[in-house]
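For clarity, chains are labelled A, B, C and D in written order, and residue numbers in each chain start from 1.
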């Protein structure tokens, strides 16, 4: 049976508007009997009628299954098309693909999340997952801090989520590059927020955002004493198959879709990637 | 590796044997057409087809095992929802007259399409195929398979290997499927004599001496493992890459592909897999327009490094099979041998 | 082309002018580059730093529209340096003295000023070209798409004759033809002033022959050219049109006028494979079969008549254009519209067209075609033309004088806009290439090439939108900062209907060839702020 | 699966290219090695020559403008209407009021037929094509 590339039908249950550019699509597999599980950091190949496929990282925690969140920013043809869709519409998904964040190794660690723009999407699943574990008081993390940078106040996404996190004890700090009259918070790059953070040997930093941001945040974290193994990031690359055969995301002797997208800085340093400049 | 079985096929028996094989499976062989081009084609009539075993087939087996454009699914968008239907299964196919380099390429594809996930579509075809190779007694002008350890004769991987030893073929069965075929049609063959073996060995030695190109593949490979990437060479070569993609398309081991939807009408379409070339800028460009590869200086880097460095690191073997197909076709004259020559020359100086 | 494509790699000097060969004629560029790799010298004359210009030994980046001045300068230098082929000139040409006297009156320093190239570079190029006896000139629409296009071509011919580099293998003058069958369409007299095979309409004997074969008289007065038909305006003489496989609404200069003309026709029928911008204006649209769905012959740039084969039956309800024409012909009462096959049509062509005299389907089948002139069945075809310039006996030198483009730059329109085919991945009005997924991926949208210096002055960033204005219209297009164009010059293609650049181009024509001046018009541009 | 030799539809080089046909669909393009121009290679446009043939944007039915809109009609209706319109214009304004544009994308035979139709049938020399564009 030629089944590798056959997507599984899924239904959009709910659409949450994060801002003008970003919406979260809450999906559920149509066939509820189908086994489906994943870990934070993994991604799906999303199919839309007449648009083909695109790789989208899952922004929810597996603890929220059977619901799967995909937070999508309008960037190309497919992402623009899904922004036009309504709840109840059908899409196709393949996956999950890729290596997740090493969530099992986070117990007893201070997690520092550094995100820019849509880069918060893959990290969101980790925060939710760790909060769930804290509630169960199983192998839980010591603390969680989120540094989140956006271009302007209207570009800030996930505001509701961030409010909830704050109530649950996540230390969330927001900054914008360009402020408007109403903005009262920090203005500046997300790297500036790092000035107020302390890095200990218990810190694990999870970084996701545009390549240029990743580059500066990693440099800053390293200079603050964070080890290469304790800096984890997730890369974005053009992908077609998701399972390590099409060759599009090939990076030296690695394939981002299989060996990543989550990499530690130690791993990145063995590769030639734009994120390190 | 020790072959499962060895027999001799008198040349007069070749067509009668192929006729029997064709009864049970689709037969694909190098056929010279009216224009003098030799292409692997399906043989419908053995008596009128000109099976050409003297020239290198223009295409490898890639167009058959990984078609230029393949339907992965038909999709339907209607009241029932958004549904996908996989294509039909494949028919049994015998490939005859495959050169050693091209079989090596198939073995490479077997590897690529099995890890980390088994590509069901590729294996639907591969599992239904039986490959009969023909050892090369006369390497062609651009061949350098000896440098890539993929010819002129093979020691494993084939179902059957034919070696032309004059008025008959020396046949070795490398896999059970091939040995079974020899058993089934045993009356076409005779036993191997000592002089057949000697003739085969002699021909192999002679063939090895006939290569006209000296391509230092191992040397280049070693240098790439040891030393930093030769930036100056990338730039010099990439300036001459005009983005036709031809090198990747004719290459028997270039397996990169794209997935696209082809709309048939409002309610249905096809999901297609088609060949792609890492030399084009759209290969890596992301939806927002950002591109991690700068084509102007790195158009060829990915391709050459993949073949000579990364695959060596991953599989212990380079993925160039020395078939020479990419050599004359490059618009800018910057094929893999140009690169190898440059890399090895730098070290010498 | 007077030479074959394969001959180019054997030339010693290749002078390419007005051709972005690597993108528009890849196979010809391949042969040029092979020649360069074997030691040939490459001279490129182009205001843009094309990929081929980067490979050139000498790149003459002239100011757009100054080709004649440049070539006159080169000729003057060749004469001064005593590199002219005197024997060839005396034996095979005439009227040289007039040209020589004219050239002697030229001031070389002034030529350097006009062209914007320093004199030493011109001198080097002239000497390289003249010192070889295997020098080829390839030219394309960069030479012809000027109001002085015919003179440009004559200047090129002068240069070739001056050095005796004509009518031989590995040497000659090669105009590169753009479309797959532009050569054939000309050969078949889809032209207003000639009959098939470039036979004169005025020649009574020729007309009599056609009259006999076609069973009817044919009109003698030359017809209107394409731009005369499409730019006549709403009050034009043309009241009805039939357009087969062309898209003038995107490809012709000064589009506003074309649209106005076509919209006000009493009747417009279009036959095409896609609903082009032109077809959208039609009263009747015929769905034509694509090249894969029909046979027939096409003639390439080197005059090679080649046979195409039908791969699939026409999709949907499509029909080949030949069927559509014959159906119409029968209904219009035109005699001789009952051919059963393309082969039968070719038989009539070879009967009436001497240069196609020996071309028949049985000879083309299974071969790589025949290069015309092919006079009869026994003729093997002609790989390089011996008597191209000398059809009338001796080659004639004609004085050509520099003339400024119709529109000069001025305060209000300080930029020179050059247009042409701008991408390796697209073709003409992109009706086919934009329906090809991969080609669209590689080159998704129109870009305006603009020099770094100009961008800094305008405060432009890569990828920002600019508004480009000429006296005739305006478009919005994305800026691509590049060193391919000189400061003061901008370039874009006419591939994209979203950026109908021909709204801006000038419909000034060369008086003889009727070729529009696509290569020079003045324009202004400004950055578009976010709407 | 079948390989059909034809000539590339794009530029004036005239490469020999095999169209790969599978079940009535063109699924690939491959260069001819012995062809004097292509010599085993194609440019990017040539390698993707098969992609536009089956595009959903292809015209598949004759269209006629009715109440300002282009609507599908039968071949006979489209041809008859065209014939009638051309004859009407010819009668009212003379032969030279009709203009014909041939195509550098069509075959020699088609161009020959069209200029014959123009000259012999419509009785005008108003025929041209995009040679200069």
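Points worth noting:
As a convention for this text, contacts are C-beta pairs under 8 Å (C-beta built on N, C-alpha and C of every residue); 3 or more make two chains touch, one makes a residue touch a chain.
The structure displayed is predicted, hence computed values, not measured ones.
When the interfaces A-B and B-D are ranked by C-beta pairs in contact, the top one is A-B.
Each chain gets a centre from the mean of its Cα atoms; for subunit A and subunit B, those two points are 39 Å apart. Chain geometry summary: the mean Cα position of subunit B and that of subunit D are 37 Å apart. Centres computed as Cα averages put subunit A at a distance of 53 Å from subunit C. Looking at subunit A, one finds that none of its residues touch two or more other chains. Contacts with at least two other chains are made by residues 26, 30, 368, 424-425, 437-438, 442 of subunit C.
Residue numbers of subunit D whose C-beta contacts span two or more other chains: 5, 16, 34-35, 41, 43-44, 50, 54. Taken chain by chain, the contacts fit none of the simple shapes, being neither an open path, a ring, a star, nor a full set of pairwise contacts. Taken together, the chains touch in the following pairs: A-B, B-C, B-D, C-D. In the complex of the two chains, the subunit B residues touching subunit A come out as 72-73, 75, 77, 81-84, 86-87, 89, 112-113, 115-121, 124, 229, 255-261, 263, 269, 271, 273, 276, 278, 283-288, 290, 292, 302, 305-306, 309-310, 313-314.
Of all residues in subunit C, those touching subunit B in their complex are 22-23, 26, 29-30, 33-34, 37, 51, 54-55, 365-366, 368, 424-425, 437-438, 441-442, 463. Residues of subunit B touching subunit D in their complex: 33, 35-39, 41-42, 58-59, 63-64, 67-70, 242-246, 249-250, 262-265, 269, 280, 325, 328-331. Interface residues of subunit B, counted against subunit C in their complex, comprise 34-35, 239-240, 242-244, 258, 260, 262, 274, 276, 280-282, 285, 289, 331-333. Contact residues on subunit D toward subunit C in their complex (touch as defined above): 4-16, 19, 21, 24-26, 34-38, 41, 43-45, 48, 50-55, 57-65, 70, 75, 78-83, 85-90, 92-93, 95-117, 119-133.
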